[in-house]
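Next come two complexes, and both contain chain A; in the first it sits with chain B, in the second with chain C.
Right after this comes the complex of A and B.
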């Protein structure tokens, strides 16, 4: 088991009274598995993802339960140990590939960032070679040219591929994708989903795929978690959930999918 | 890079280039020894021998203007360097980490900022003593608050952006995030405030030397020349006109250059 989340919860203390954002979330994720998290906006998906990536703010919030990555609790790890995991074992891509890339840094340098931090033994030529091969792996045409470009010179789909390349450069065990296709148009969406599936197969990386879009979740996930109001409503194998939902909330979600007859 | 082909930029570049040329020439040689006095030439009008005329001691004004500009530029550069470097460090730390340290430093900053920087510099000079080195230090310190404030607000703005989060997610430490990832993104803003700061420093140095606390004689200084020229405003107007003109040209040129760069 790669990741185990036990009774995880978050309570914010940044306003007058405590606000509960996530409560009692327990699940696990095996190495090489794709786990989908689905739920309406505000249901706590992103917070859960940030917690796993060790990116929750340290102040003004209370964390409950534990999140074990390879047996270590990321919620209570010291910063140095956490930084060793980040970028090397756990990576994350975001919804907006536009703002997630540094506008003043060449793509190549951004893809190499994890290597520069975690693999100090590599020299510039080795880093470049690795970055170029990752850019090729995410099926960008002409990696050499992309390497030299700045983010604003690339389309949204290309930038999301760059984000994936940057995440995969250190050979992580877990890739967290928080609504990675929401900002993209439908055809690009489908390509990114295919790419994530290919990377999952080839690199054996586990993927935590977060989306509010049930059809995407169904397409990519092996197992699914359904969240509502910061709680886990239901979890199980993807076909099980989609064919035989137990909870009313899941049934409502499913009935809201527009059916496109072709 | 963008093309800076607008009117402001070209005028600014020409003026700044002209001033720079004078400063550089002065570094190599001046027409006359800047301290050589000649009784016969006292307050003589501009001529072929003395392009800008002579002062009340019969010294060549052009030579002294060259030396004065060099001193001014040098002091202004050092001032801006002190202000920028300290301002960047203080502002970046405050803007990035926030919290108690930020509150304290920014309150101190607000207090300092509420004094005009020239007044603040005068206070510091009264503690340190006069002279060009102390003026540089005083002005540099007096400039820190404004730089710190600008950098802080920019860093704060940038810190909230997603690319900073992705950098942290890569395992980058705070210093790396601040200096490698965030700082290049605030360079344009920093650059224009450095240029404005340079101009303010030129004016402040001239002002302090005019008051007699800056560059000390026999070293030449544009501000000091202006104050000495006051007594001869009607008998030898060129004594005041040329140093004054050079200050105006320098500041105007740089201001236009800065303006042109932000416009582009």
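Right after this comes the complex of A and C.
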């Protein structure tokens, strides 16, 4: 088991009254598996993802339960140990490829940045070579040119590919993808999904795929978690959930899928 | 390329306009070089005679264009009160004011950037609040007052330096630099306070951007995120301010030079205005105007350098 989330919860203390955003979430994720999280907006998907990636704000919130990655609790690990995992073992891509890259830094430097942090034994030439091969792996045409580009010179789809390349550069065990295709148009969406599936097969990386789009979740995931209002509603194998949903909430979600086959 | 040609032409036009305004100002204020040279006891007739001899009785526009023609031929004229070529006089003073400005600017940058980074990293901590309070106070204190205060404390009470003990850069460059340190601190302090305030708030607003979260997700420490990602993006508003600060320091050194008894451009400008020595005043003011324009250009270039999105246009 790669990741085990036990009774995870978040309570915000940034206003007068404490606010409960996530509560009692337990699930596990095996190495090489694709686990989908689905739920309407505000159901706590992103907070759960950020917690696993160690990116929750450090102040004014209380974390409950445990999130064990390779047996270590990322919620209570000291910052230095956590940083060892970030970008090396646990990587994350985000919903907004347009703003997720630094506008004043060349793509190449951003792609190889994790190497600079985690693989100090690599020299500039080795880093560049690795970055170029990652850019080629995410099917970007002309990696050399992309390497020298700035973010504003690339389309949204290309930037999301760059984000994936930057995440994969250190060969992580877990890739968290928080609504990675929501901001993209439908054809690009399908390409990114295919790319993530290919990477999952080739690199044996486990993927936590988050979306509010059930058809995407069905297409890519092996297993699914359904979340609502910060709680886990149900979880199980994809076909099981989609064919025989147990909970009313899941049934409602499913009935809302437009019946258009692509 | 075309852009730069257009910029060069507009800069030239601006300088022309400035030179005309200075000339016109001397037309309007009472007194001229002849009356100021002869003093208040001179007879009307002797002033008229000298005026004729100096060519000051020629019509205003004629004088302006003959001076302007001289400038275009590389001749800035001769000082009425010092009887020396203006170009040489100014060239001799430039190193003093420029050194003072460079020292002040280096101090401003070297102190404000780390202080702003610390203040932003520990935002709302006790350190940050102390820096904030210090800034609010120091931004409001004028340089000449700081100069007077420092002369008193370091010169008269602690006796670390001799007030008025300016050493020419030609005689002993080390001693010259040493004497300029306190004046440049006086000039730098208010600019530094303002820089810290600007940069701190720029860093804090940049820190909420998505790319910062991406940087953290790669395992960077807070300082690495600030230095490698945030600083460059947050520097934009500060560069504009620094550009203005340099121009301001060149022009504003007038008062501080007076306080510390430094014979730079400020000193020569003040005496020349008093003597109605317009060739000198013209030259100094045009120099200041040119620095302001060049700083604007430099800020523009730096913007392009930092933000690749501006380069395409």
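Here, the second predicted complex is superposed on the first by the 260 of 262 C-alpha atoms of A that agree within 3 Å, B and C clash if a C-alpha of one lies under 4 Å from a C-alpha of the other, contacts with A are read in each partner's own complex, and residues count from 1 in each chain.
Throughout what follows, a residue touches a chain if its C-beta (ideal position, glycine included) is under 8 Å from a C-beta of that chain, and two chains touch if they have at least 3 such contacts.
Worth saying up front: this structure is predicted, and the values here are computed from it rather than measured.
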item	value
Combined model on chain A where chain B meets chain C, clash or fit	clash
Partner chain(s) touched by A:17 [first = chain B, second = chain C, both, neither]	neither
Partner chain(s) touched by A:94 [first = chain B, second = chain C, both, neither]	both
Chain B versus chain C as contact partner of A:150, first or second or both or neither	second
Touched partner set for A:120, first chain B, second chain C, both or neither	neither
Chain B and chain C footprints on chain A, overlapping residues	53, 55, 83-88, 91-92, 94, 96, 99-105, 113-114, 117-118, 163, 166
Chain B - residues contacting chain A, complex	161-163, 165-173, 176, 181, 184-185, 187
Chain B-touching residues of chain A, taken from the complex the two chains share	53, 55, 83-88, 91-92, 94, 96, 99-105, 113-114, 117-118, 163, 166
Parts of chain C lying in touch with chain A, wherever the complex brings them together	209-211, 213-221, 224, 228-229, 232-233, 306-309, 312
Footprint of chain C on chain A - complex, ascending	53, 55, 79, 83-88, 91-92, 94, 96, 99-105, 110, 113-114, 117-118, 150, 152-153, 163, 166
